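What follows is a structure written as structure tokens; I'll ask about it next.
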Amino acid sequence: MHRSSSLMHLPAWVVQTSSIFGLFLVWTVASRFVAEPAILPSPAASFQAMADLIARGTLTSAVQESLITLVIGCAICIICVVPFALSIAQSRQLAMILQPMVRFISCVPAIALIPLFIVWFGFSTKAVYATLFYTSAIPLLFSVITGVQKIPRVYADGLRPLGAGPFRIVRDVYLPGAMPGIEVGIRLALSYGWRAVIAGELIIGSSGLGRVLAQARAANQVDQIVAVMIAIAVLFLIIDRLILFPWNQLISSRWSSF
Amino acid sequence: MVAILLLALFWWALTNVFGVPEYIFPSLSSVAAALWEALLSGRLLDDTRISIIRLLLGAVVGIVSGIALGFLVGLSRTARIAVEPLINAFSGIAGIAWIPLALAWFGTGLAMSTFVIWNGMFFVVFANTILGVSRVPPTYAQAIFTLGGDRREVLRSVILPGALPDILTGVRVGLAFAWRSLIAAELMGSPMGLGQWVNEAATYQRTDRILAGCLTIAVLGVLLEALMVSWIARRTVVRWGTVAVAEERKAR
Amino acid sequence: MIQLNERKPILQAINLRHEYEARGQKIVALQDVNLTINAGDFVTVVGPSGCGKSTLAKIFAGLGTPTSGEALYAGKPIKGASSERGMVFQELAVLPWRTVVGNIGHGLEIAGMPKAEREQRVAELVRLIGLEGFEKKYPSELSGGMRQRVAVARTWATRPPVILMDEPFAAVDAITRLTLQEELIRLARTTKQTVVFITHSVEEAVFLGDYIVAMSSRPGRVLEIVPVPDMGINRTWEQMIRDPRIEAIVSRVFELVRGRAVAPSTERQHA
């Protein structure tokens, strides 16, 4: 009884480190068992492939390309979508007409549109940007609109008798009030966007990690495929944790009433 | 409904009033013609049937394994903490990034598409099931214990229905991921299927066929969700009031 | 040990102590709690928040284990929850996915009662709590007061020897609460049910209880057990607030739970 309860309260990092360790253990054993590097390379072989790709500069430049695409694409997306969303959220009627329209468009998965983007922009990074924009804009738009609509009406109503004009109300109520919605939207835009960038690059083959993945596939280099997948997952975790997590904390601790 | 009409109007205006050329963005009528032609030739039905079979197979495996493992893990706090980094890591590469590896492992057959679809939806169903199981109010279970219920009774009458709203959310999102993964898998190598149809259209620069394919994919996606999730939701969580009706509508 | 009366003890607390940790600090919820509750009594436990009265109820229900000391049911140590000690919770613990009859009959279903008999017993209870016409409704379609009636009926349905009620009416609006309290007395008296009723409202404690267990806060200790004169099965609030004996008891309990002597004149306004 006592032993099992002390086991229950192992610190989270111990449990989590051992589960990641366990994953590698299973992988090692499985690769020994399969004994066919062309199907399941061992962790060691995969990390060796990763080291080779880094040494050749392929992986580092691909990571750079993909991240730049993600950051620039998301920035364009935020600059276009956030002001648009803030302005249509002011009018309930406009939001009511536009939301279902966008929702219907969003039923078409970005992947299915990639061929169209290829026809428009050729096999270029532009087509990847289009894929990213299409994927990220929709969740961002919805999050911001929802964020604005969640702001209690009394906040604005309370300022008006003090003589606040529309500009001041947007600045003092809607912008800070919509921050949690904007934050959620950017989070979604980045995490959906990352997958869109990889998928776009993979199918279009223009640049970045997706292209390396496609090349590794064409050359049937499974160890390289796995190496790139690890890189994609690690970068995703870094984006999610280091960039978005502290910001999230900052916003929610300052304006904890949300 | 109004939205769809407005959208159609906007589309019509794009090609007929603003004069966007057909090869860039085909008009409504030429897309309709492409759809009609594909329907007559039988190609549309064949591709749709193949895509649906692939999707259903992968989705069933994904849903069943996601819910079952989610329950096992969700009931233990330690297990929940342990799988958290694994879910995070795998959800970052779920679905499409696995296609090259899946092609190496399984070739281009049904096993490949099943694996890719399973991979696309498993983690989101799994994670949502864990979430659902872990946030059923503990008072519900305590109340059943004081009525003389055992753990099995709590599992059956408290945890399972209590976790259902989150499970359905997971299945809903998972189906969308699955559908995307399937289209990607077909684009990248599976013979036949709607993704392959769009892919072939792209090689001939037939934008009307691309859009016709996209429309079919969208409509099928909506229908699948309506059949598999909304139908269940209306009879359970919406009826019980454990999910706000507005929320359910929004999720659709 | 404080003896309530000479009848058969059904619940006993012997030197109960319960502590827990919150933000690295050890908090003593219960200390030296000795209490005997006899079969057939309606006992109310009143005290400020943080006096451990809910913890006491959970320990009696078998949903919590004391750090030290013993809790006995019918002379035997309590180990885990059982259908012998039903509990009504403050939070709405009726299951949202079961209808009114589904919830009320749940305990009987678990006990394996045949369907026909079960339906009859449930119908009887539905009538008793005045929810005819709502049998097939889900909790989300009911008002807070109705939901809590269902929670009470669900616990009553299996006729457990002891019913523990942990602030069951705290989330109900004030006017509905008065009605629910009057109904509860009639139900408890008709079925001669042993009830342990936890509350932070002194008036509620005095209105409902045959005995009031007044508790202090941090650490939770039993201060005094105050007997209440029997006001009959059909007591109403109007009748209670006019009775000078009740007034005196309310004042006394207020003094106890606030830990100081308060001039009775200021306390009258509360009652």
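Which chain is which? They are A, B and C, in the order written, and residues in each are numbered from 1.
As a working rule, a residue touches a chain if its C-beta (ideal position, glycine included) is under 8 Å from a C-beta of that chain, and two chains touch if they have at least 3 such contacts.
The chain lineup, named per UniProt: A = Alkanesulfonates transport system permease protein; B = ABC transporter permease protein; C = Nitrate/sulfonate/bicarbonate ABC transporter ATPase.
Please read all numbers here as calculations on a predicted model, not as lab measurements.
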With chains as vertices and touches as edges, which is it: line, ring, star, complete or other?
line
With centres defined as the mean of Cα atoms, the chain at greatest distance from subunit B is chain C
Contact-pair count is greater, between A-B and B-C, for A-B
Based only on mean CA positions, could you tell me how far subunit A sits from subunit C in angstrom?
51
Could you tell me the distance, in whole angstrom, between the mean C-alpha positions of subunit B and subunit C?
48
State, to the nearest whole Å, the distance from the C-alpha centre of subunit A to the C-alpha centre of subunit B.
18
Mind listing the subunit A positions that touch subunit B in their complex?
7-8, 10, 12, 15-16, 18-20, 23, 38-39, 97, 100-101, 103-105, 107-116, 118-120, 191, 194-195, 198-199, 202-203, 213-214, 216-217, 220, 222, 225-226, 229, 232-237, 240
Considering only the defined contacts, which subunit B positions touch subunit A in the complex?
2-4, 6-7, 23-24, 77-78, 81-86, 88-101, 103-105, 176, 179-180, 183-184, 187-188, 194-195, 198-199, 201-202, 205, 207, 210-211, 213-215, 217-219, 221-222
Can you list the subunit B residues touching subunit C in their complex?
137, 139-140, 142-149, 153, 157-158, 161-162, 164, 236, 239-242
So, in the complex, the side of subunit C touching subunit B is made of residues 61-63, 80-83, 85-87, 89, 91, 93-98, 106-107, 110-111, 138-141, 151, 154-155, 158, 164
